[in-house]
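Input: one structure, supplied below.
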Amino acid sequence: MSTNLVLIIALPLLGAFLLPVLMRSSMAIALWSGPAILIYGCWIIADLWLSGFAQPLSVAIGGFAPPLGINLYVDSLALLFAFAVQLLGLVFWPFTLDQESARRQSLMLLLVAASTGLALSGDLFNLYVFYELAAVATFGLASASGSGAAYVATLRYLILSGIGSVLTLFGIALIYSQTGTLNLAHLAQLAPEQLHNSLGLTAFLAILIGIGVKAELFPVNTWVPEIYATASTRLSAFLAGLLSKLALLIILRLLLLIFHQPEAAQVILILGILGVISGELAAWRAREMKRMLAFSSIGQLGMIFIAMALPDGKGMLAVLALSLHHLIIKSGLFMLAEDWGGALERLRGSAKASPLGAVLFVLFSLSLVGMPPLPGFWAKFVLITELAAQVEPLYLLGLAVFLLATVVEASYLFRVAATLYGSPAQDTLSEEIPKTKGLSLLTASLFGAGVIAVALLIAPVGDGLQAIAAQALDVDLYITTVSPAVSGGSQ
Amino acid sequence: MGSIKQIPVVEAKRTNPLARVFDDLVRFCRSRSLFILHYCTGCGAIELPPAMTSRFDMERLGIQPMVSPRQADILLITGYVSIKTLKRVILTYEQMGSPKYVIGICSCTVNGGMYWQSYATAKKLDEYMPVDLYIAGCMPRPEAVIAGLQQLMDKIHSGEASSWEDYYRNYDYYLGNQQKLFGEDWQTPTDVISEAKHYDLLSEGTLGDHTRLLEQHQKPLEALEMRLGHEQEEPAK
Amino acid sequence: MMLTLLDELLLFSGATLLVALFIGRGLAAGWMVTILYGGQLLALLKMAVLGYEGGTIASSLTLEVMGQALSWRFDALSWFFALITIGSALLSSWFSCGAWERSYIRQGGNIWLFHTAMALNVFTMLILLASGDLLSLFIGWELVSWAGFLLMALAGGVAARAAMRYITYAMAGGMAIFGGLALIYTASGSLQLEAVTTAVEQMSGAKLWLLVILFGGGFGVKMGLMPFHLWQAPAYAETPGPGSAFLGAISSRMGLFAILLVLVKLFGIVKIESLKVPFTLIDARDLLAWIAVFTIILPTFTAMKQNDARHLLAWHGIGQGGYMLLGVVVADAMGGAGGLLHVFNHATYQAALFMAVTAVIYRTGTSDLNKLGGLVVRMPLSFVVLLIGIIGLAGLPPMNGFVSKWLVYRSLLNQGMPLLFLAAVIGTLGTILSVYKLIHNIFLGQLRVEHEHVSEAPWSMMIPMLILSAIIFITGLMPGIPLEWIASVLQTVGLPVPDYTLGGVESSSGSLDMIWVIGVLFAGFGVGALVFYSAGRSKRVHQLDNYAGGHFLSADVRYQYSDNFYAGLMHLIGGWYRGSFLWLERGITSLVEFLSLGMQGLYRRANAEFYLLTTALFVIAWVVI
Amino acid sequence: MSATELLIELILMPLVAFVVGMMMVLMMRRIAAKLQRRIGPPFFQPLYDIVKLHSKKTQVSHGLIHDIGIVMAMGGYIAAETLLPVPGMNGIAEKGGIITLLYLMMIPSLGLALGVGQCANPNGSIGIARALTAMLAYDIPLVIVVFGVAYAAGTTNLIDIIAVQQAGGFETWGATQMPLLAIAGLIAMHASLGKQPFEIYIAPAEIATGPMVEMGGKYLGGLFVMQCFQLYTTSVLYVCLFLGGGTNWFDFLLKSFLVLAIPMSIAYLFPRYRTEDLLRLMWKWPVMLGLIGVAFVFV
């Protein structure tokens, strides 16, 4: 089983490097190998899940036991995200095949591999490596659309995340210099003595900001609108939907295992609040679908950060719920945006041309603004109950901002909805009205079906999430799982 | 040429003594409560303020001024009537509620007076509407006006002041004179003929060539009766 | 499992929605939906015991999500509101069947969407009314908001803009409630009503204040209370005819229902009265009362300036809401009864009025008060309906509006609140003025040439209107009928109950017996008629045979007074209309515009890495220091 | 009391009101005449006018609503009289109370408004618009006064209000207890009579007697009857609120006529206020007095 788990990282990696070679020999193999790999990955995880997966397990790579060796840590949370990676990789797979789409495909596989790694890796340095891999893949994909604007955006992104990586590395270095280990479990043990000080905090903040670049953390998220607006929607969906969540996952793990200090939480809270304000407000005036979605996802991520900032893991459930919800909704919305890109005014009256698309848009928007009984409502409900429970005024401020942001969100989302259902302007001819069609519409409706399913099965889903959250919160479990030898304190 | 003399005064054909008493009471009240609409043309109007105010005080006779023809009993023409004015006078007269009385003050209403040569003045008022009473003079003093009014009151009480019926009975004659003055297409908003039918005052003099001429061009002015039809040609867009 | 009566009702309502959804395209659909509403009414009447004895009927559907228990049940309060909801839905949908439907389709309207939206509204409202805890209340609340949005927006164009405005307000309100919910949850650890009541018992003043503001504001938005009233008039007025009748009758009363449930039942007027406004003599209750009073006066006088019949009525709808809140917050026996009775009465006459105006639009194609006139000779029945409606709206005897307003006045008198009393009466006077303008400009005065051939509205529209008029008069004659339901509602929400009779209210300090009052009134009319008709027979004349100072009238020149109807009044108070709230709204909007511009500018900067470094340095500095 | 007695009262009260009302009209015209150094109309002049108008041959009607309006105008007041207690007769006063009475007194004007509306004469419409505005003006002080009196008496039942005042003779009269309210009430009552200087909605020379412009014959007669009732109701209401009602018919009628004489003797000395000036006047002084009076009631 452990080998299988390694496979879900290794296979896409392998595929990524072999694909260009393969396609020289045979198109067909090249065409199908990628999806095959991903399906296999999904199957492995599903199989693992279904075969009574209760206790988290740690997989040592290369036979060295942690903390010396590197390991994968697999708990239900990690598994969930790994599965999401494989699945979305499949869903957003660039299905055509020619010279440059082959490059896209291999980059996609690379991205999947790296993301899975991010989800599973139990080791700070590995995390960093996978993170870099993912970044590289992303650059490639982002610039793949080939337009000038895309290159400019990518360049910005490149510089930004480059500096981000440097910061991250700096933070990791600090930690290493302090503790001499990079294994998370080990760090979790050492943290209380060695890292709960200003130096540790510096390290964490450096990492936070570095990784925050991918997690769309304010203010290092300035690349987001440009990239999402210019890159292919499928990539944007993947980035907004998944990669940001994985970065979140890392930060979350660090916060839970190592740096559960009030200051850290406070910084995250402040940045989160700023993220919400800036994102939602900016989206309010967005005149273009993709840009609007980009801004709103900044806002959503900000909300998740607020949730994350809740002291000693109270917000875990909220983070989980919000992330998954945003993952589904945003991917769906981006799928719609694939055909509805460009100025919003162009969309006037396109509900007639593509009723299903319009209905899906309304559905996603309703869930996004948290209309009961759609899942978005429950996610937000969990968050605000937790926020209101805090005495710290900053949290109540967070609550207020969150509520106001929701109002703004509703107003701009439904302005678009009204545009969709409005009567088309006289000057635009009917054929000019863009229609949602083909694969993207199918994908979007898949997500829509998912939303409705969750809404119907909300009770079991909620319980499941609670279980996952509980497991992820359990630090001792993590430690004991990774290094059974070491019990509790330091060596 | 219908002057007041030739019209037989119609007696209320009632035998019930109580009804007689009642009719008498009604006539009395009519005579003791007269609302004047003074159509102040010409110079005679100047004599009315003293007649109304503290010097002579019409109100002690139950006479008071009114503003709209619907409320009034007496139409007081206080001077010369130009043709333009006459149209309004006739309109006003027809809008008044019968029993109604017309009093012409000053010699201008009798025979044009000093406007005898004027091409634009109607000389004889009683060619166009039945006049109950002329108060001649240029101008008659308030005493004369009061005296005239008292005379009218007596006529009303005795029931002779019924010249308003003459307008319906000989409408053709009056209309003829009016048409001579105002032209063929002359028409007032009031449908006198149907009113004559309403008061069963329709007589041989009511209809004639002139009324026929009128009916040729008369725009239909029958009242808008309430309608409960539920079928409309087609609802509004 | 065993279905309770409530389940039956909800299932019936859901079925109605499905029918509208799936076979709502045919012309017969309207009738089918109407019949189903009738079925809902029957299902509701099977629960009549609630209205007469009180008690609760629970739904067998309960839910447990993330540790939150959700339950639904009906009590006297819900039953009373549900009765109004389904009743108005039934009559509005009946009104919409047949002739109106056809003309609506001919004008390119989407009748399927209309029926669906109506059914959805009713369904969601029932869910809201059935809410058994605060969470289900909030869920129902949001559902109702969005359903309302659908009904308001479906006409497109102006209506859609109005609906957008509405949804922004509604979201703001919803979020306020959401926040309040969270606060309560932290205080009580649960959203079950009992737990909340106990939690509110030992709650500090400041926190309670916050809650009252959040909930009051949130629910107030739907009621159109000051200063959240701007959205309502255009939104209701632009909805297609029967829809506006339905919305005007009940939709915004959901706010009152929620206020009754949360502020009155859970918090308790006494608790609210204990909240003092700092540095003043008034407390939270007075504050609510004054908000209610301003909600009465300002919209009423705004209505007076409207030149479109539907807008005029919609503005009055806002104003009348004030009386209900006023009665409820005065909260003595008569006040509570008056407020609740006014909910019922308002529903009846507002629906009737909107229907009558819609009938006029159906025949003449306009509701512009300056383009109508003299229609009484062509649409006499509609005139009668409108007349009965406006007498009710103005709160004059013999219609039902008088009784509820009388009760409110009496409560203010008993409580010794002269200024509130005065303000309430000013509202009524203003209403009288503007409703006379309404009926005069539509039905009285000179009939236009182009309306010579107009005829009375078809029976399919006429019958519901007549039924409503009958209800208005009968409940005015015998207010005891609704008062019996209201008595049990008052018990449910814990307010004192007046001792009512069939004809009105008994009280040591002056009672009311409408049966006598109306009796002598009509006897008086009888005598008057005797005096009048004993005199000579009338002669009908044409409208052009009319006094014009000796001028000859003709049909091509309008001889009618309709524009700037209360010129003299406007000379004085015209300058007092400042549109301050509009200004406020615009101010907020442009503020958001401005901020969002700034934020976009932030993201449009090219030197992103600069931010990154500065943040990094800043936080590190923050740590080290 | 037995049903027959009640029935007799219900018939008698409007009848008395009508007769007394006609005398009041006469008094009004006599006062006017005296002020203008005239003799004035004979004693039965009001009767003459009414009989004459009802016996006119032509009864010009503009439609059914025109007729019904007049019926409502008369009937509303006839009904109102039965809620207005007079010495020895209470009618159904305890079943309505003062608020109901005030609202019943709006029915005639509403009926008149409808009737005038169908006359399709803008003069009439303008008159009604002005009349309603005037109502908005004088009802505000009026309700303040009514509130004060009712609150002081602790009831809206006119019978009790009168009983409270008669309890201690002159000292317990409303006028002595609440002089400010009494003054405010007097001004409001004057305005509600629609006599100079508050008769902008009649304005004969300007809008041809406004509401009455198309009224002739029995229509005008109905309005004359209504005027008798109006004068009676207004003055008797004032007597009930402030002058302790009537212990016997003599002082009852004396009070009512005296009360009415005050505004009448003021009226004919003044020209007319424009609408906005009427509003300004009514909303300033009587309201101020009334509020102060109510404040006194509270302390």
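Structural remarks
Letters are used for the chains, namely A, B, C and D, taken in the order the chains are written, and counting of residues starts over at 1 for each.
Here is the rule we use: a residue touches a chain if its C-beta (ideal position, glycine included) is under 8 Å from a C-beta of that chain, and two chains touch if they have at least 3 such contacts.
These numbers were taken from a predicted model, which means no experiment stands behind them.
Chain nearest the geometric middle of the protein is C, using mean C-alpha positions.
The chain with its Cα centroid farthest from the Cα centroid of subunit A is B.
Interface comparison, B-C versus B-D: the pair with the greater number of contacting C-beta pairs is B-D.
Averaged Cα coordinates give subunit B a centre that lies 56 Å from the centre of subunit C.
Our note on geometry: subunit B versus subunit D, Cα centroid distance of 36 Å, whole angstroms. One inter-chain figure worth recording: subunit A and subunit B are separated by 97 Å, centre to centre, where each centre is the mean of the chain's CA atoms.
Taking each chain's centre as the average of its CA atoms, subunit A and subunit D sit 79 Å apart. Annotation for subunit C: residues touching 2 or more other chains are 374, 376-377, 380, 447, 539-541, 543, 546-547.
None of the residues of subunit A touches two or more other chains.
Residues of subunit B found to touch two or more other chains are 68-70, 95, 195, 223-224, 226.
Those chain pairs judged to touch are A-C, B-C, B-D, C-D. Considering their complex, residues 29, 33, 36-42, 45, 47-49, 51-53, 55-60, 62-64, 204-205, 208-209, 212-217, 220 of subunit D touch subunit B.
On the side of subunit C, the complex with subunit A involves touching residues 63-66, 68, 135, 138-139, 142-143, 146, 149, 153, 156-157, 160-161, 163-164, 167-168, 171-172, 175-176, 178-179, 181-183, 185-186, 592-593, 595-600, 602-603, 605-606, 608-609, 611-613, 615-616, 619-620, 622-624.
On subunit D, the positions that touch subunit C within their shared complex are 10, 14, 54-65, 67, 70-80, 82-83, 92, 94-100, 103-104, 106-107, 110, 113-114, 117-123, 125-126, 128-130, 132-133, 135-136, 139-140, 143-144, 147-148, 150-151, 154-157, 160, 200, 208, 213-214, 217-218, 221-222, 225, 274-276, 279-280, 291, 294, 298. Interface residues of subunit B facing subunit D in the complex, by the touch rule stated above, are 25-26, 28-30, 32-33, 53-54, 57, 59-60, 62, 66-71, 73, 95-100, 195, 199, 223-224, 226. Per the touch definition, subunit C reaches subunit B in the complex via residues 99, 103, 107, 362-366, 374, 376-378, 380-381, 447, 453-459, 462, 539-547, 550-553.
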